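Each in structure tokens, the structures are laid out below.
Across the two complexes that follow, chain A remains constant while its partner is chain B and subsequently chain C.
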Partner chain A sequence: MNNIFILRKDIDPWIKRMAEERTVFAPVHEGDAVVYRACDSGLRVELDTMPTTSPKEIVFPQNETLLTYTRGSGNEDGSVGVETTETLPSGKAVIFGTRPCGARGLLIFDQVYNNERIRDAYYAARRENTLTITIACNRPRPTCFCNSVGGAPDDSKGSDIMLYPLDDGFVAEALTSGGEELLALAPSSPAGEKAVKAKAKAGQAIETMGSPMDLSEVRKKFDLCFTDLAFWEKHSGKCLSCGICTYLCPTCYCFNITDEGSEEKGKRLRSWDNCMSFNFTAEASGHNPRSAKAMRLRNRIGHKFVYYPELHEDRLACCGCGRCITACPSSVDIRNIVKAVQEYSHE
Partner chain B sequence: MSNNNQLLPQMATVIEIVNETANIKTFRIRLNDKAAMNSLTFKPGQVGQLSLFGIGESTFVINSSPTRMEYLQFSILKVGEVTQKLHQLKVGDQIGVRAPLGNAFPCEKMKGKDILFIGGGIGMAPLRTLLVYMLDNRDDYGKITLLYGGRSPGDMAFQEDLHEWTSRKDMETVLTIDNPFEGWDFEVGLIPNILLDMAPSPENCVAVTCGPPIMIKFTINALKKLSFPDEAILTTLERRMKCGVGLCGRCNIGEKYVCVDGPVFTWAELKLLPSEL
Partner chain C sequence: MNVLETMKKCIREALPDLDMVMGWEQGFDTLHATPLFMETAEDVDRLILGPTCVQSLAVHLPSLKGKKIGVVVKGCDSRAVVQLLSENLLNRENLVIFGFGCDGVVSLSRLKKKLGALDFIESAEKKDDRLCIEINGEQQDLPFDDICAPKCLTCSRPNAIISDHFAGPQRTPRIPAKGKTALEKFEEKSLPERFDFWKAQMQRCVRCYACRDSCPMCVCRDHCVAVSRNPHFVSQEATASENFMFQLIHVMHLAGRCVSCGECERACPMDIPLGLLRAKSTEVTSALFNQEAGLDQEAVLPLLSFNIEEETIEEHD
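Coming up: the complex of A and B.
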């Protein structure tokens, strides 16, 4: 497909034009964080820092209404009924300026929320109407390890448009027909030899990263160390069960369902939940199959590196973005834990 | 399910309530949408999510049999927020239902076999659906035996059924309570011990057990002592649930989701899973 060149100053008019038809979610500074917000111009958009939050919230919001209910609407036979109304989202969106790991995170979500087995109506309504514009990473961070989990700083998988940064602008390439339509809205010039230069730069970024971790034994070793609670206690000792790692993670997809309102009128919500919390699996009887944080951390690692791959053609449920590492208040580093599993030996 | 949004409940009406014990009530419900009720099918062992709007949803096994579709029956032990509120329902009240969910007992594969049911407390609920189904298809199955235990006579749910089952000639029913009680003419003793005394033959027999986790554990030990093969021991698992459709990530044991791959498992399957019960 043709490559074009977009000047940095032309990002603003481009976003303005896209925003006429779609909600454009792009990274902006808020306090110390860079978060995705609906933008109708490009003025505040941050293009050079990896966003603090992940793009999952655009297709899987932190809170969303599943239905509303009202009691008291009459039934046919005159008795008091409850009426429920489905609240499916509508409208088109663009995720602007995710990194390749964020786009990969959405692919990991798709395997669970929209596949042959099940189509989550709410997720699908957003996801199928959202296009993804990804910026290749020229300067991976020390906590990035996408190259260990199947990704790369210039990986285009899951993106509709790839933007390859240069000092004065971006070489842009559309990868899908949706991407082509969006790209047609951008003020641009032919990329010429800039294309080769920008892609080469993005391609070299991987060389600035640590060498990929060897994860070849993780699944086998996980079985071995599963019942070694001392191993898991050692690695979860510092953990506060705060859940920041799960909320910021582009691939953590667990949720809770709760009702808000009275018994007369209200709504049923779905909200992000946190598998690191005691309450996640606590049963009414008092029994809790994951009562200790060692067991919960074990499940988080197991889910991403063992269980999910088992169900989804060996793909991992971690995109190597490193958010859980930079944000953890206790400096828990998932790389160290996975490495310890890989190197686990009996006694 | 009739709609393609798995998280959206259908509305139903409570048509009958049975007080089983001090803390167990049975609810019979019908979907308000008559066409949906008429086309509803399920298999013994499948569950439903019952919801009270403004309170929440909880998981219960459908303990009526698909051979009798006048209503769906759920028996509910009062333990927490949702179950407390469910116990306050009256006939005519409205309730949300998402059903059927989960896997089921392998009724077809069990044809021609002797069936041994071992239930404790509210764990009788998932056994009831299968037992009634088999009694309604009596010729398909061999000898049917039920061992059902409760703490005391007052804790024995399904009195209506017990009357019928104890008087039937085509099944054997053994009832037991933990401690002697005046006027109790049946067995006294813990379920696993009574089971060992009964010493059923594992020959061409499938054992189906459900109850509190500790009872399941000792019952399986007893079945192993009696030489039941792992594949011939079926049980249903409980896990905290929310979505019931394999999304919310709550009910997993390793890569299995109790809400989708369960609640019915053979002991052979359970032994392969990570030990996280």
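Coming up: the complex of A and C.
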């Protein structure tokens, strides 16, 4: 498809035009964090660093009201009815300025919530009405490892529009018909030779990343080290068992359901859950199969690098964005743990 | 022998009688230290001491009860150890404390606000009262006071206040700069302004509970009121008001116990200024009970004791 060039100063009018029809979620600074917020202009938008939060919240919000309920009148048999109202999301959205890893995260979500086997009505309603505009990475961070998990700094999979950065603007390419419609709203000029230059720059970025990690033995070795609790205790010792890695992760998709409100009225809420929390597997009996953080961190690694690939044609449930490394208060580095599994030998 | 080598020597000598010693090693770049759990003499080689050693390792101690543990502490970390001891949450005889005099630690949040993203850091070194760092190919030379953790600006106890081994010289406590504290400045705002401020901050909270889990005094761990289902005290909805509710429960539970280590604020991935809430609770408890947490191992918590007449509380008729 045709490549066009959008000046940095024209991002603002472009977002304004898109925002007339859709909610545009773009990264903005709040404190020292960069978070996705609904924007009706491009003035505060931050497009040069990896956002602190991931774009998953736009299609899978931290809190989703599944239904609301009120207590009904009494029935003849003495029972009390409940009236429920479904609350399906509506409205169109744009994710503006994710990185290729964030777009990949959404593809990992699709395998779970919206595919031939399963259609989660709430997820699908958002996902099918959301277009993704991705910025290629010219300079991957030292904590980035997308090249180890099947991605790349210029990977266009899962994106409707790719933006390839240059100093004064972006070469833009629409990859879907939805992307073309959005791109038509941007003040632009033909990209000409800039297209080749910008794409080459993004294409070369992978060379700055070092060689991909060898994950060839991880699934086999994981089975071997699964019951070696000392191994997992060693690697989880400094972990605080908080939820930062999970909540900032573009691919962690687990949720919890609680009824919030009173006996008279309230809502059924779906909220993000995280497998690093004790409550995640606490059973009503009082038993907890993952009572120690070592077991919980083992699960986090296992889910991403073993269980998910077994279910989904060998694809990993990690997009290599490195958020779990940079945001961890203890600087736990998932790459080191996966490497230790790969190199595991039982004595 | 410099401080680090002295410390390594102390640890190597003590290690045979211990299950492990907790310290720090370099993390994924020169601005990030990561906790190091030393079990062998070779592990000790990786130890670092310096302005990136931000984590309070005291947070791990209650969960290691029953083992013989060594822990390296800065002044502020040592107050957490004292407080845990005073609450009978640790056995002193199973604990070996390696103290040193701390020169202050870096706040990545303040550094980010000065320099922008910190992704491409080449080197970072503290030279006297400056931090010299090479970032994005450029040399930056910053006054340490501009980028240190806020707690270090007013640190009155840079030296471990409890220790079995102390490496290197004692550091001189800071004389707090004249002028208003962050809390005093904040409290000059009107009530609606303060409430609007917190609403905006709390909107960002993702309820990851890193503030709780990095807190050495948050010892409920797996049984926190915030995630209790039965009774269902706190809504799981991560809205500004519910998040604020959780944060206020957290701060109330720490009243008279908070040792002002600042770990909650440092751990927060969303840069929410939780230290302000802690500072307020400390101000109130110290005014009411003339007490400061984490200084006296024999002290009884003000909220765990009862006096017919409190010295500092004027009784109603």
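Rule of thumb we're sticking to: the second predicted complex is superposed on the first by the 339 of 347 C-alpha atoms of A that agree within 3 Å, B and C clash if a C-alpha of one lies under 4 Å from a C-alpha of the other, contacts with A are read in each partner's own complex, and residues count from 1 in each chain.
Operating definition for what follows: a residue touches a chain if its C-beta (ideal position, glycine included) is under 8 Å from a C-beta of that chain, and two chains touch if they have at least 3 such contacts.
Computed from a prediction, not measured in an experiment: that's the story for all the values here.
**Student:** Chain B versus chain C on the shared chain A, clash or fit?
**Tutor:** Because the two structures are overlaid on the shared chain, the partners are seen to fit without clashing.
**Student:** By residue count, which of the two partners contacts chain A more extensively, chain B or chain C?
**Tutor:** B
**Student:** Identify the partner contact of A:Cys242: answer first if only chain B is touched, second if only chain C is, both if each is, neither if none is.
**Tutor:** second
**Student:** Is A:Asn256 touching anything from chain B or chain C once the two structures are fitted on A? First, second, both or neither.
**Tutor:** both
**Student:** With the two structures laid over each other on chain A, which partner does A:Ser271 touch: chain B (first), chain C (second), both, or neither?
**Tutor:** second
**Student:** Report for A:Ala200: first if it touches chain B alone, second if chain C alone, otherwise both or neither.
**Tutor:** It touches nothing on chain B or chain C.
**Student:** Which partner chains sit in contact with A:His287 here, chain B, chain C, both or neither? Use first/second/both/neither.
**Tutor:** The first partner, chain B, only.
**Student:** Between chain B and chain C, what is the tightest CA to CA spacing in Å in the combined model?
**Tutor:** Comparing every C-alpha of chain B with every C-alpha of chain C, the smallest gap is 5 Å.
**Student:** Identify the residues of chain A that lie in both the chain B contact region and the chain C contact region.
**Tutor:** Comparing the two interfaces on chain A, one with chain B and one with chain C, the shared residues are 256, 258.
**Student:** What part of chain C is in contact with chain A in the complex they form?
**Tutor:** Spelled out, the residues of chain C in touch with chain A are 27-29, 32-35, 37, 55, 59-60, 109, 112-113, 116-117, 119-120, 200-201, 204, 206-210, 212-214, 221-223, 227, 229, 232, 235-239, 263, 266-267, 269-273.
**Student:** If we count contacts the way the header does, which residues on chain B are in touch with chain A in the complex?
**Tutor:** Residues 4-9, 11, 13, 32, 52-57, 79-80, 83, 92, 94, 96, 212-213, 238-240, 242-243, 245-250, 252-255, 274-277.
**Student:** Give the list of chain A residues in touch with chain B in this complex.
**Tutor:** Chain A residues touching chain B: 66-67, 69, 71, 75, 79-82, 84, 86, 88, 112-113, 117-122, 223, 226-227, 253-259, 261-264, 266, 268, 270, 273, 275, 280-285, 287, 289-290, 295, 299, 302-303, 306-308, 310-311.
**Student:** Would you pull the chain A residues touching chain C in the complex into a rising list?
**Tutor:** Listed in rising order, the residues are 30-33, 35, 48-50, 52-53, 62-63, 139, 141-143, 234, 237-238, 240-244, 246-248, 256, 258, 260, 269, 271-272, 274, 277-279, 325-327, 329-333.
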